[in-house]
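Two complexes are shown next, each including subunit A; its partner changes from subunit B in the first to subunit C in the second.
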Partner chain A sequence: MGVVGQNAVRLDGREKVTGRALYVDDIVMPGMWHGVAVRTTIPSGKVLSVVFDPRFNWKKVVVADRHDIPGRNVVTMIEEDMPLLVHDEIRHIGEAIVLIAAPTKKMAEDARRHVEIRYEEWQPVLTIEDSKAKKRVIHGSDNVISRYKIDKGDVSAGFKDSDAIVEGVYRTGAQEQAYIEPQGIIASPGKGGGVDLVGSMQCPFYILKALERLLGMSETKLSVKQATVGGAFGGKEDYPSVLAGYASVLALKAKRPVKMIYDRNEDMNVTTKRHPSVVRHRTGVKKNGMLVAMDIGIELDAGAYTTLTPVVLSRGFLHSAGPYRCPNVRIAGAAFATNAPPNGAFRGFGAPQTLFAVEAHMDKIAEEIGMSPLELRRINCLKVGDEMATGQILKESVGALECLEKAAAASGFERKWRASLPLCKGESEGIEVRSTLPDPPLQREGTVRGIGISLFMHGGGFTGSGEAKMKGKAGIRLERDGKLTVLTGCTEMGQGAHTVLPQIVAECLGVPLSCVRVETPDTSKVPDSGPTVASRVTMVIGKVLCVCAEEMKRRLSEAAGRDHGDFRSLAGSFLKKRGPLTIIEAYEPTPGIHWDDTTYHGDAYAAYSWGCDVAEVEVDKDTFEIKVERMYMAHDVGRAVNPQMVEGQIEGGTLQALGWALMEDNRYDGGKLLNNRFQTYIIPTTMDTPFLELITVEHPFSHGPLGAKGVGELPHDGAAPAVVNAIANATGIRISEIPATPERLFEECKKKHFRSS
Partner chain B sequence: MGKSIALIVNGKRKKVKAHAASRVLDVLRETLKLTGTKEGCGEGECGACSVILNGEVVNSCLILFGQLNDGDDITTIEGIGGKKKLHPLQEYFLECGASQCGICTPGMIMAAYALLKKNPRPTHDEIRQAVAGNLCRCTGYAKIIEAIERCATSNVKI
Partner chain C sequence: MRYFKCENLIEALGLLADPDTRFPLLAGGTDLIVQWRMGGRMPEGVIDIGALEEIRLIIQRENVIEIGAAVTHSMLIESNIVRRYCPVLVDACRTVGAVQIQNRGTIGGNIVNASPAGDTPPVLMAFDAKVELANLSGRRHVPLREFYLSYRKTALKPDELLTRIIIPKHGPDEKAGFYKIGTRKAQAISKVALCVRAKIAGGAVNDIAIALGSVAPTAVRAPKTEAFLKGKKLDSFAVDEAKRTLAAEIAPIDDIRSTADYRRFVAENLLARYLEKASDAF
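Right, the complex of A and B next:
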């Protein structure tokens, strides 16, 4: 049928371009009120009293506190250490203490201003260093939220065997998801004392699970439905469970629908960010460039509660050695509690942090042994048959080297890199790929130019045994009119899942795409496919839908007593005889995959997507402004189900990563976020966007749907290290902490003059 | 404190009554039920609420209803194309994959519309400048600029 591989127009596109798509803030319900939260203004301490100003008429509003929570005062995620409303101890600024609902948002905000909280203040723990040193213990017995360690081969012997040992410390800052639609939920009292929710979310079933516990209700009394989502990027993975809790408690007490929409400042103040990180590398290498030993230490700032930190750390940990072969590897990782709002999911989920470190470090190694960064990567790049740090043997679908060669060739990497480093002797240009980018503008006066490269991978689906445990379900329903409906809890948040999944179904069943629609993700209507995270929807749920399609064809053929004939005629006769048919299947792990959660040994991911980014930058010698002129991105996605949407993911993810690399910087003072608005938290605009050259590489994954692997997060992994490596090529200055702001470059420059000036 | 102003909204004359201190954004979304115009930041930084006021693209979150005058002409996303017939810009946004989550799309299209009304053949850089006040977190802007560029060179009437 040729539906897969086509640039099908997004199925939710017409509603979006006409402004008819309904986001949560566009929904109005009869009798609906508006909710707000009264929040803590100190990072650590306890609440002494809450004072309601008698000058406000409290009869006009509904106030709820922790005693109004029908079930347990916890927000269930991995652990149950986070209360919905502060019980005793305050762990961060912005924790909710009291909730208020009022007929208008203005009145609710007015009421909020009439509540005063009195505190006993404690000395907060605000940095990884203070937490690690146990300046105060705020979590468990040692402030450690989670910890992992693996040891492969003999690292000490490896160092002895090395010609050079290179060390480096790399730091990354917090990053705000900055979805343009702020968080929002509407809760309404439902049948039988239950609650119905609609809102902006990635994972309706996470909310369902959290509400069961919080409201003390069985899931039969609850329904959670996704409205059109205006961007998420991980930011709407776990946090909506908190907001759903607030709105539900208020709706039950007010006995009417309650809408809660954050404004931008509140959203930035209280919702999760990308975990700040410190990664230490010590690497033993041979003169010929072969890696012999890697010793890696990872530290993350988790913030005040566990939330998703153990899995973020795990993914960062498992990507920290990069796409390289090394016989002796030791990795230790830990996440520490601090009195900051909890950090959480953000596209890449720990991997961008550790890949930034290893990829900046590879260039440092190359410099120390006098080799080109391209050649060093080429020598050590993983190939089919190689073993990773967890002992995983790569059996198939490893496009790393092809990505490296194609990005290097398209950008003319070696030639340009040598032009900035004239002492380095020649390597070949590799294979020929012609770039389609226009000629670069002439170099501006007073600037230096440089080029940098990064090589990286991203594991598709949950880590380790996650998918085997989750057994994500999805289904297809043959409707009375012969059309097909995809049933999945996986959400559309702009990434294109609700176009790509129908494309897969249409291809498998041999029907036109116009015959397939997707049911709205509503926990009362669709099976639990697992969360919409981890670059897993196309690869994992797409595969489940392929299995559903095969089963549907089998059932139709069986009923017809023939296994020939096209789908339409088989479906037609089945519908006449028996009516609609629903097939639901669960994910079956890839055969031959083994993972041990206790030793962290085995196949960490069923398949990896691979990528190589090349950045060209121009640095102003007077102002230290850094401008990325061009990016070349060669990404191996297995099979591009919808090439245009794959491009959209790579372009968008790359620009987010450039923002993280160069300008996005959450600044805190005493646990308080200073830049909680787009005026001060700067994200890239059209004027910050370089020319983007995409090279799609396809090394199919045999267990993926028609060969496809994940693409959602991969593009966030490579841009930052490519940029700092390019800055080093341009200026001779290695930036080891991002964002690489002009101020930071200036500070480094004070220590070392521009080589070219 | 309600104020009544005779506006032209999406080509139709309308006597609109609202509080003078209401933001035009809220009057559009709540009083006139035109929810195609979105709020992303409420302080003029993201451009999601862009509409066209007397031919100029403006952030509707930064203008108060009381600042409007009788006869002012406002165009929103609902006024340029809809269910039955899409505006060419909407067609190109669809075809080029310029809309992902879609929350910035109405504002982005209005900024592009204002540009093409004034300058039917903009250069690549003029397009980048014209939508620099509209934040998009999904697309990396490449396909948005491509859609506007293709629309501009397609010889269709804007």
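Right, the complex of A and C next:
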């Protein structure tokens, strides 16, 4: 049919552009009230008392505290260390203590202003450094939320064998997902004392699991349904379990539906952000550019509770050595607890942080040994048959080198890179570009230009044995009218899953796309496909649907007693004889995949997507404003099921990464977020968007659906290092901490006695 | 909340004269409504002056142009009079928020809101503009540079309304420049804004006015730098000394948007950029 590979129009597009799609805030239920949370205003301490102002008429509202939680006062994620409502100890600003529901949002807000909390304040732990030094122990025995170690070869021997050893420290800041639609959920009392939920979420089954524990109810009494979602980017992976908890407790107590919608400030104040990171590199390299030893230290700021941090750290680890071959690698590090709101999932999930570090570091190495950054990457780039840091041997689908060559060729990288010379030559080491460079041409007045490159990968699906354990399920139902329904818990949140999955089904069954629809993700109607995260939906659930399609064809042929004839006629005769047919299958991991969680050894991911970004920047010498003029992005996604949506992911992800690289910066003062609104939390606009040139590379993955791999997160991995490398090429200043704001570039230049006047 | 929509200026001034109806004035509401939301409370009433025709006019007189306080940024951008006599005001208005904000936001609101980061005050100050303040008993004219008393404090009395902005016409022998450095390319609040208007002949400065935003508690003029530059020949020594004088004269701060050092550095360089360009152009 050729449905895959076509720019099919989004199946959810019409509803959305005509305004008919219902987002959670559009949903109104009879008798529905509005809920708010009363929150802590200190980062660390103890609640002494909660005082309800007698001037407010408390009879008009419903108030719930931790004693109203029917089950256990925990939000179940990986661990159960996070209470829904503060029990005793306060671990961050914005933790909920008391919940209030009222007939109107205004009254609920008014009630909230009439609650006063008295505290005993403790000295908060606010930085990775303080947490690591155990200034105070706020988590476990040593503030460590999670820790890993990866060892390959002999790093000390590798260093002895090296011609040069290059060191660097790289830092990244917290980033806000900035989805258009803030978080929101409605809980209503359901049948048999249960609860039904509808809301803005990525992972309905995560909420189901959390509520089972919190409400002490079996899942048969609970249903969780996704409303139309206006963006998530990871931000609606774990946090909705918290909000669902609040709304459910209130709904049960008020005995009526309760809606909780955050406004932008509250959303920014209390929901998860990208983990800030510090990554240290020490790398041994030969004169000819061969990497011999990599010693990498990773530290993440986890915030106050575990949430998803162990998995974020893990993915950070597994991407930290970059797409390079190196015989001796040591990776060690940990995520530390601080008195900040917990950090969580965000597009890339730890990989953008560690890839930023290694890719900025590669340029430093190149400079140190007087080699072009392109050549250094070319020499060390992973190919089929190579071994990664975990001992994984890459068997297929490695498009890294092709991405590198295509992006370099399209951008004229080598020529442009050589043409730029630093504007500011410092005395200190590693700043001067070697004399192998030709003299610079005259620069345009007032500005300098530079070009930078980055090479990266992103593992598709869960890490290690995750997919094998998850066994994500999905199904296809042949309906009475001959049409097909995709059954999956995987959600549409703007990324296009509910168009791409039907495209795969249509292709596999040989029917037009118009015959396929997707069931609303509702835990009472669809199987648990696992969460909509980790660039896994197309690659993993798409594959399960291919298997379902094969099974359906087999069953139809079997019933018809013939294996020829088109799908329509087979289905028609089956429906006449037996009626609708539902096929549900579970994910079978790629054969030959082995992973050991205890040693962190083996096949970390079944397949990787690969990418190369080239950025061209212009820096204004008067103002240090950095303008990214052009980006070239060559990405290997295996097979582009819907090329236009792949482009959408790459363009959007790149721009989001540029925001992180250049301007987005959650700043805190004493544990309090300073920029909790879009006036001060600055994200890029269309006017800040460079010209984007996309190059799609397809190295099919044999176990992916028709060769496809993941693309959701890959585009967030490469832009930041490409940009700082370009800034270095333009100005001679290596920015090792992002965002690379004009202020930061100015400070760095001052340090190097910029313009000695 | 009580909402008054006035038919004419006298009615609005009457409401302001009576302490019982002395409610905040609302023009475009693009500052006011944001402030209400952030503060979490609304006033008991509001006087909407956004549609008062008397203060939505741009008039050209012999020596001045007059801009009604309720003229929006979009109206300024489209006005031939403003384009002719104060093109840099058009440049400034184009950088205010985005089109939606320009369509609603007014010049009067921008002035009275008194944010140090407002974009039109530096231009108006560099052009020696005066504001006309009216109450039931009359009207007075105050030079804009005297209108700002301290951070977010103005000379406007509780019963007064800003009615017009009066900008002297400057000769064709004067050239002006406006530079805004924001946090991004659009929809950005200024980190530094600079407006300079000068008469330069034969490489020498005959007259100059320099005004800045976001480098002090209010929009400010830079009188010392102006005094230094007046009569000077624009060579690299003069430019360097002007930069130093300016740096010493302004008082930027560190805040969520930028740093004091950066602001000072950029202010100096923008002045240099103007002077270099201007000495070529004349």
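Some notes on this structure:
Quick note on the criterion: the second predicted complex is superposed on the first by the 727 of 757 C-alpha atoms of A that agree within 3 Å, B and C clash if a C-alpha of one lies under 4 Å from a C-alpha of the other, contacts with A are read in each partner's own complex, and residues count from 1 in each chain.
In this section, a residue touches a chain if its C-beta (ideal position, glycine included) is under 8 Å from a C-beta of that chain, and two chains touch if they have at least 3 such contacts.
Since this is a predicted model, take the numbers as computed values, not measurements.
In the three-chain model built by superposing on subunit A, subunit B fits alongside subunit C with no clash. The larger set of touched subunit A residues comes from B, when the choice is between subunit B and subunit C. Look at A:Leu22: by the touch rule set out above, it reaches subunit B but stays clear of subunit C. In the superposition on chain A, contact is made by A:Gln679 with both subunit B and subunit C. By the touch criterion stated above, A:Met687 is placed in contact with subunit B and with subunit C alike.
Once the two complexes are overlaid on the shared chain, A:Ser465 sits clear of subunit B and of subunit C alike. Of the two partner chains placed by the overlay, only subunit C lies in contact with A:Gly446; subunit B stays clear of it. Of the two partner chains placed by the overlay, only subunit B lies in contact with A:Asn7; subunit C stays clear of it. Taking every C-alpha of subunit B against every C-alpha of subunit C after the fit on chain A, the minimum distance is 5 Å. Shared contact residues of subunit A, touching subunit B in one structure and subunit C in the other: 679, 685-687. Residues 109, 113, 446, 622-625, 627, 663, 667, 674-675, 679-680, 682, 684-688, 742-743, 746-747, 750, 757 of subunit A are the ones touching subunit C in the complex.
Subunit A makes touch with subunit B in their complex at residues 7, 9-10, 12-23, 25-26, 177-182, 228-233, 263-264, 493-496, 644-645, 647-648, 650-656, 677-679, 683, 685-687, 689, 692. Per the touch definition, subunit C reaches subunit A in the complex via residues 34, 40, 181, 183-189, 240, 256-259, 261-262, 265-266, 269-270, 272-273. Put simply, subunit B touches subunit A in their complex at residues 29, 34-43, 45-46, 48, 76-78, 81-83, 86, 90, 93-97, 99-106, 109, 127-129, 131-133, 135-145.
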